[in-house]
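Following are the structures in question.
Below, chain A partners chain B and then partners chain C, in two separate complexes.
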Partner chain A sequence: MKVSKLTPYKIRKRIAIALLLVLLIALPLMLSNKPYIMNVFILIFYTSTMSMAWNLLGGMTGQNSLGHAAYMGLGAYVAALFVTKAGMNPWLSMLLSMLIVGGLAGVIFYPCFLLKGPYFTLVSIAFGETIRQFVINWDFAGKATGISLPFGAESFAEFRFMGKAPYYYIGLAMIIGVYLVMRKISRSKFGFALRTIREDEDVASAIGIKPMRYKVYALIVSSMIAAMVGSFYAYYNRYIDPDLMLQSYSVEFVLPAIVGGAAFVEGPLVGGAILITLSEFLRNEFGAILPGINLILYAVVLLVVIRFRPVGLLGWFSTSKLKNFLETKVLKKSEADEEI
Partner chain B sequence: MEIFLQACVNGLLIGGFYSLMGMGQNIIFGVMKIINFCHGEMLMIGMYLTFVFNSYFGLDPYLSIPLVVVIMFALGALIQHTLITPSLGTKSFTNLLFLTVGLGMLFQNLALVIFSPNYRTITTSYSSKTLSFGPVTMSLPKMISFIGLIIVTVALFWFLKYTPTGKKIRAVSQNPIGAEVVGINTKRIYIITYGLGCALAGIAGALLTLFYMVYPMVGASFSFKALIVVVVGGFGSIQGAFFAGIFLGLLETLSSLIVGPTYRDLTVFVTFIVILVVRQVIKLRRR
Partner chain C sequence: MRKLLSIALVAIIASAMVFAGGSAESKAEDGTEPIKIGAMYALSGTNAAIGTNIMRGVDFAVEMINEQGGVNGRPIEIVRGDTQGDPKVGRSVAERLITQDGVHAILGCHQSTITQIVAQVCEQYQIPELTAISTVDNLSTFGFKYFFRMCPMNSIYVENQFMYLEDLGNERGTPIKRIAIFADNSNIGQELIRCAHIFAPKYGMEIVAEVQYSSGATDLTSEVLSIKAANPDAVLCESYINDAILFTKTLAEQGYQPPIVVAKANGFADPSYIPATPGISNGIASVVEWNPDLTKGQEINAAFKEKYGVDMNGHSAESFTAIWILKTAFEQAGTTDGPAVRDALAAMDIQGSFPNGPEIILPYDRIKFGDMEVDGTSHSQNNLYASVAIAQIQNGEYKTVWPFEVSSTEVQYPAEYK
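Up next, the complex of A and B:
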């Protein structure tokens, strides 16, 4: 096993990351009287997490699903139903919801992986819409009116808090946890198998990677994360309805990954932070007079990135002079570091 | 029995629109191998253009069709030239997919900003007249639109089959490299194709305006239905798209008659998934 030595450059890089983390952890203390900004952060956390979930299937495996909002919605519904109808503990419901949605997605969606390219994208949309229509017609789940979760006293066990700060920390833990899992997957044998499938399925099966099996594994992991985010969303908003599964939301979850760079694990994080900050700012400033202005911005950013930087912002950054400057001047990376 | 016949006629009419949308989508897919996710938004733009011509200039919706066609063709050509053709070079299916998704989002929200989310309708002197054929009654605008659909469909078949440009489009969709070798300017064919696809969606929009409400999200459901039509009819097959459109329209109206209107979309999507998967399984078995 190769042991990588800690060079001064690596230490500085880690200090920079640690500083960022400390800043993120300290932020609620500074913003405790600004719930709106806290809300934007929570939005960034769960949208980026959803985007990472999509990225596992879309960016890494090359299966462009446009139905991820349905997994998130289904996760939210399963968790909310367990809490309201069975009176179960929300944390346990979240876990059960992840298992159920992951299992369901794996079983129902299995035959759809026979389809490739555009066919797969279409069937994923149809699948998402089917789930939405099913929920709209489902009496037990409140049909189109949706489900309200009970309000009550603040309690950690009941996943119910007065302020935004606890949700912020749970969201932060969620995004960091999912990021670490994604990074692990990306560097593991599983991640390389997925990327091989993306590049060429025939090559993959020739060298002993079963494309069907790996695609289903990727889908299960991806839909489990989506279900977790969905449960979080349900507990945070305390109200869910079938509109949560609209296909337009699926698109909103994909955009951070595409804008940030779908080939990178960090892509959705960068894209999510940039897009949602901009979009919420616009919604806040102009939303009252020009509804939809934030989505116009989404679309324009997307078109500009695809047209001029097809590899995404991170792809562009990794070959730009800015990165070189940051590494050599700010973090003082030396020639010797490269060789280790 | 009368309700059944009436439902069949309505199904044929809405199916005609799906066919027209699907055929436009299919030409674009055949030539460039991209899914145009903003096809429904093109229909929406066509509807709004008709609406604006009617309410601000007093132009009859059916007479505004030529203008709509010209504007939509120009818009499509512009999009193709500035956005899609350069991105075709990257060969990334994901990027091309989200390029059209982004365009759809842009148009939808531009319409929202310009026209507000209100539902709008057009009324003309003849919009409440009805014609009856035995047990079936049909409003006059629907009848005119139906005839319009038939004319456009026939004209499209004729155009692709006999005109030089139509032949070039078919050549490029069969083999782009071969077409370039024999001297066809493929970039120009791309522009014509995308413009034509947008113009067809625009015509569908103009024909739809008289008996359908205009609002920014109107394209979303048509967009996906057009895709269903293309997939069920077979990518690249114009005749397939035509029949699949009619089939989809009939399936929709008849399923809302038989299993109830709230289950209509559910039936359509489940049928779609089943057709896709079963066909793929059959294809794999044959190999």
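Up next, the complex of A and C:
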């Protein structure tokens, strides 16, 4: 990127992004006595990361998976097994877990992509349930009792911390890293190929894109990210059980993308931040007064968004007056700044 | 890139919402400030009915304590935390209760998965956690300093089932030898199988059939037939409510009447079990933590029934007792300081009845937390004297039949199933 291209608008935009980053990095210092809020941020980080993983398949490729909790759970299990049974370093286990889950997902799903239409969705549900049943009956992995990770002194090498700040920063690094990868993919040949497949597979084949190959690649990347989040989840909570793979949890990773805007790389981030905050807020405010009302209100918000803004909040925002106002008045965008 | 701006906006709104959500700063203690106890149960979702029964026991005990002057003049205040039956939520709720609401102790949870994650959070903030309901054995094997368990763990439940069989055999003069196990592949189902293999040899019994099924099964005929083929003297079972009903109906369909069926509570102790199996469940026995016809706690149950219109169940009786334990610990510690209350719990020894309080209404007479060993695994800070009772369905009602000293009814043997 050449410096000469930077117009005042772009400079201001970069300053705004830098400010946001500084705010996120400085947050733990301000919140050192509010671990609960830190926990909410960590939840937002890993849920949004999972949702970005889903979005690569669902939003970009048009293959709606309802089994992402299984990849995440499997990732958590593989990492936890390496740590507890082989005494392996957790960071290395996380890496191995990503490779194993990515490979496994690729091998299992390769034949499924021969089918068109909603079959991938159906198979993803079946796959999730199969993995869960397998783990429930697997002696080595503790069956339904799950796995507890060892407690002990704080250690970076062991991925074990007393405070929230280290998990916060690792979570933040994870979400930023995955976001950058997704943005890169979205603007690359790979990303355009995926979107072409989403719009019309036959056209894609006709112009020389092999839908099968690209779909499998997308699935492998997506499940690898899920495995990474799963390992993070296991290290953070230090206890996992097969319920982690329940299909209902898969939906929790679809919603942020849908609400935020599945067509946008940033959709899951917006959706994740809003939905997690909303559900925590509703539970804190109403959960104790009238149990369950928080879930009903949450569902109402979802219905409203999906009914009135089916393109997601970002889809609405990108054509709204608010955005126009922000860009022209706050950041003083000029004609020369039209994005490519 | 431009959408990042909107994310910034969202982040700001988000943090504003969370900050507004809860910042109940604790004031200096002036002697009349309430003592806060966080009660963490599933108040919504599939386990909400269980949570409701538990919370009734909690509220009933708190009302009783506050009426008689609270803890050294300070009332007890319960801060409810809805776990929604989800471990992630459980963690989040525990952190909020401790750091935002400033609770001095946590009571909970129901599902052992959540209890384990909450125990870690409590350990970190040095806030005592007492569970009245979570029975999975390994909870007490991590050496947590701030985690206490009042209820018996699964292996004690199963050992009590075996003790019942042994006592029954001795009383009848025909020892019970051949045992069949019927359990699902869930966490607690596996626990029954594991524990039965530990205790069967100890009590001189032999496991002749071990039948496992998947929870939520639509047909249990072949499972029932394989138990029938093994012809056991007694069947031990562990099932969720739907499976328990299906199992009982399948027994009737197949015309198979095992002489003794002892369930490990769960589905068989569910309020909807007996109405769903009219007649055919008579004779089936189950572990109960408490039962209205127990010779203990009659007055408390009468007052409870007046308030809520239903009898206490095992869970309400347990949570009632747990609140009294916490009250006594706060009183004996003389402060709400986490480590001091923890030490008071560790040193507590209650025999017969609570100081200035009711008798222990559960089937045991003494509460003391200590270390124990079961099958080579050491457990810490479990209630050493915890045990359960066994009740049998007679004329469509659970009647306590064991231990013989707290029961008022004779066992029907063999079970009549009509």
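Just so we're on the same page, the second predicted complex is superposed on the first by the 322 of 340 C-alpha atoms of A that agree within 3 Å, B and C clash if a C-alpha of one lies under 4 Å from a C-alpha of the other, contacts with A are read in each partner's own complex, and residues count from 1 in each chain.
Here, a residue touches a chain if its C-beta (ideal position, glycine included) is under 8 Å from a C-beta of that chain, and two chains touch if they have at least 3 such contacts.
The shown structure was predicted, so the numbers you read here are calculated from the model rather than taken from an experiment.
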>> Contacts for A:P8 in the overlay, against chain B (first) and chain C (second): which applies, first, second, both or neither?
In response: neither
> Thinking of the overlay built on chain A, is A:F134 touched by chain B (first), by chain C (second), by both, or by neither?
Replying inline: first
>> Going by the contact rule set out at the top, does A:A299 touch chain B (first), chain C (second), both, or neither?
In response: first
> Who contacts more of chain A, chain B or chain C?
Replying inline: C
> Which holds for A:P291: it touches chain B only (first), chain C only (second), both, or neither?
Replying inline: both
> So, A:E266: does it touch chain B (first), chain C (second), both, or neither?
Replying inline: second
> Just chain B (first), just chain C (second), both, or neither: which does A:G103 touch?
Replying inline: neither
>> Between chain B and chain C, whom does A:N64 touch in the aligned arrangement: first, second, both, or neither?
In response: first
> Can A:T121 be said to touch chain B (first), chain C (second), both, or neither?
Replying inline: first
> chain A residues touched by both chain B and chain C?
Replying inline: 133, 136-137, 291-292, 295
>> Looking at the complex, which residues from chain A come into contact with chain B?
In response: 58-59, 62, 64, 66, 111-112, 114-115, 117-119, 121-123, 125-127, 129-130, 133-134, 136-137, 247-248, 251, 254-255, 258, 262, 290-293, 295-296, 298-300, 302-303, 306-307, 310
> Along chain A, where are the residues that touch chain C in the complex?
Replying inline: 13, 16-17, 19-20, 23-24, 33-37, 39-40, 43-44, 133, 136-137, 143-146, 148, 151, 162, 183, 237-239, 241, 243-244, 264-266, 269-270, 273-274, 277-278, 280-281, 283-285, 287-288, 291-292, 294-295, 313-314, 317-318, 323, 326-327, 331, 339
> For the complex, which residues does chain C have touching chain A?
Replying inline: 1-8, 10-11, 14-15, 17-19, 21-22, 43-45, 48, 51, 79-82, 84, 87-89, 91-93, 95-96, 99-100, 113, 116-117, 120, 124, 136, 138, 142, 185-187, 189-191, 214
>> Could you list, by residue number, the parts of chain B that touch chain A in their complex?
In response: 29, 35, 83, 86-87, 90, 92-95, 97-99, 101-103, 105-106, 108-110, 112-113, 116-117, 216, 220, 224, 227-228, 231, 235, 262-263, 265-266, 269-270, 272-273, 276-277, 280-281, 284
